[in-house]
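The letters A, B, C and D name the chains in turn, as written, and every chain counts its residues from 1.
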Amino acid sequence: MSETSRIEAFSDGVFAIAITLLILEIKVPEHGDLGRALMNDWPSFLAFLASFFTIGVMWMNHHRLFTLIEAADDVLIGLNLLLLLGITWIPFPTALLATHPHERIAGLVYSTTFFVMSLFFQVFWGYATRREGIMSPENSAGARQITWQYFMGPVLYLIAIAIAFVSGTAVLIWSALVAVYFAFPASAFSRR
Amino acid sequence: MSETSRIEAFSDGVFAIAITLLILEIKVPEHGDLGRALMNDWPSFLAFLASFFTIGVMWMNHHRLFTLIEAADDVLIGLNLLLLLGITWIPFPTALLATHPHERIAGLVYSTTFFVMSLFFQVFWGYATRREGIMSPENSAGARQITWQYFMGPVLYLIAIAIAFVSGTAVLIWSALVAVYFAFPASAFSRR
Amino acid sequence: MSETSRIEAFSDGVFAIAITLLILEIKVPEHGDLGRALMNDWPSFLAFLASFFTIGVMWMNHHRLFTLIEAADDVLIGLNLLLLLGITWIPFPTALLATHPHERIAGLVYSTTFFVMSLFFQVFWGYATRREGIMSPENSAGARQITWQYFMGPVLYLIAIAIAFVSGTAVLIWSALVAVYFAFPASAFSRR
Amino acid sequence: MSETSRIEAFSDGVFAIAITLLILEIKVPEHGDLGRALMNDWPSFLAFLASFFTIGVMWMNHHRLFTLIEAADDVLIGLNLLLLLGITWIPFPTALLATHPHERIAGLVYSTTFFVMSLFFQVFWGYATRREGIMSPENSAGARQITWQYFMGPVLYLIAIAIAFVSGTAVLIWSALVAVYFAFPASAFSRR
């Protein structure tokens, strides 16, 4: 078991870089009517916003989990690396869907990415709460509320996959709404 | 309420990356007379400088605000995410105006970005000063001076929007001057 | 001798950025059948995964070494810079092998990169353990286990170089397996 | 006066990103004989190495200065921002000289960049040592040694500018040698 400050610092770095790299995928129009070109580029802007808020809210949740986690073992560090794999991957499906907003496969890659990430969060949190010595004992009520909120993750992103069969744009809007849901702390949904 | 060190670390990462990514927008000329090509690229260099100092000074201000902020709740974290959204966005209008210095729309996107960011700072600071438990109580005079300085932000960037109707280059110079104004601490403008 | 926290912070930044930049090398297909284009791009995805886990596990090991290191002198800072040189270099051979999976030279550059990095780790660790005042004295058993594990690094990556003469894809798979080996802590391989 | 930890964190981020972005300037050859294309690309590799070590050693020096600096005022934060402006700028002249190793103007831009940065370091250090309340008083001997070492910076980079009139490649080699000189701590050059 080791303390978690350097894991958090490395993770913060990855989150911060991935969220900032998103802007590189929006290309400056070269020729023609600039105003119209910017208008036509709305899928890029929408994809930027949806992915920005998803990464931002995942960072908020990572932050919340680590306020409850006191110590890490090698398995937890490995599972954290899986979470970060998902985070570094996000700029690719974002660019894919921004470039091909009407291709079903682009929407499917985008929504499946988030579905898999919600499973990674499940596995990470499941291990953290069950393995002894990781959680600070005084906050088991807060931990249980998070467990409940996270059960919704795979469900909500399965719906995103279903939406991808209809419209890539709708996937982006749905993903932004799911981000709003996870922006709320778990305690907001529990009867006290 | 939680302490703010990890919020600052994540924010520092985003500020540092956005300010460093600006250089990627300056392309190396491939063919022809290299000296002349570099000369002709002056809008890129000017845009790089104006955005570098704007992000740098926004970081300075973020740093100053967080020396007065003691604790954060979920709303403040969300409002901080809005500030970071603006910061990650800046490389795009910078590249847009560097590539199209004579297009009115490019200057408008650039100046409107900073206008909206100055509103984000207002909302962030308004919440921080009014919600109980966020500010450290012993420095309310310093907080009030900042409030006064920040009232100028939207005004100065509204002027930038007006300037954008005349000249994109002038927007860049004006923005650099506004950065100089905000580089000074709020206390520099108050009668003691 | 100075304390190591800022060396770790700078190193964490370099690791975090290098691991996140890998995704920039995967290009979004522009034209044609998008599903098929993504399928054909499997070498890019495999290279992304192999390099992601290699950098991630190197970070884990860097983290482990620095839990045993108490103080740094200028030589150690210089040797750490060599490690970071290797880390920042990795995105290039990754992109090279992803773009040219069937070129022997690409596989050789990729595997030689990791071989040289394993030598850098040897030199770094050899200096840290032999120079007085660097290691915390109470954990010499843990340090010796790491020394044994690290002797395998150059051997395993020499095998990678041999594999590169046969297949670039096999190099990627082998490298991912070596990453798994180094993900385990050194203590996992020692008879207690 | 405020403490310096967040200034260091932000600076570490900028240094780490700039040093890692250098690799993005090395492009993967697309067509033709891959081995020969890599050989012909040696100016890119040399420029990468020279700039990597220059940024790395500037980080080492920044780190050393801040072990002697106890507190920062707004002027010092502004001067630090000037240093960071130089750091974020480095990837551009690096790419310029890598792409145009035989153009005199490319070598001049590269060497002038480092000359100006050495002046920025002078101004920064001059302010830090003369303004009261910034330096920790117990280490004035160490501070004076650094002052002496830094006087050599502008001289050594003026020589680099002169070399640029002869050969861009020689500028890169000279810059790497200057980095070696500044890698040594100032105390290594003083008679004890």
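As a working rule, contacts are C-beta pairs under 8 Å (C-beta built on N, C-alpha and C of every residue); 3 or more make two chains touch, one makes a residue touch a chain.
Everything quoted here is computed from the prediction, not taken from an experiment.
Chemist: Measuring centre to centre with C-alpha atoms, which chain is farthest from chain C?
Modeler: Of all the other chains, the one whose centre lies farthest from chain C is B.
Chemist: Looking at chain C with chain D, do both copies bring the same residues to the contact (over half shared) or different ones?
Modeler: Different: fewer than half of the residue numbers at the chain C-chain D interface appear in both copies.
Chemist: Between chain A and chain B, how many degrees of rotation does a Cα superposition need? Round to steps of 5.
Modeler: Between chain A and chain B, the superposition angle is 90 degrees.
Chemist: Could you work out how far the Cα centre of chain C sits from that of chain D, in whole Å?
Modeler: 26
Chemist: For chain A and chain D, what's the span in angstrom between their mean Cα positions?
Modeler: 37
Chemist: In chain C, which residues are in touch with two or more of the other chains?
Modeler: Expected reply: 9, 12-13, 16-17, 21, 24.
Chemist: Once bound in the complex, which stretches of chain A touch chain B?
Modeler: Going through chain A, the ones touching chain B are 8-9, 12-13, 15-17, 19-24, 26, 28, 30, 34-35, 38, 49, 52-53, 56, 59-60, 63, 66-67, 183-185.
Chemist: Report the residues of chain C in contact with chain D in the complex, numbered from low to high.
Modeler: 2, 6-7, 9-10, 12-14, 16-18, 21, 24, 74, 77-78, 81, 84-85, 88-89, 91-92, 95-96, 99-100, 103, 105-106, 109
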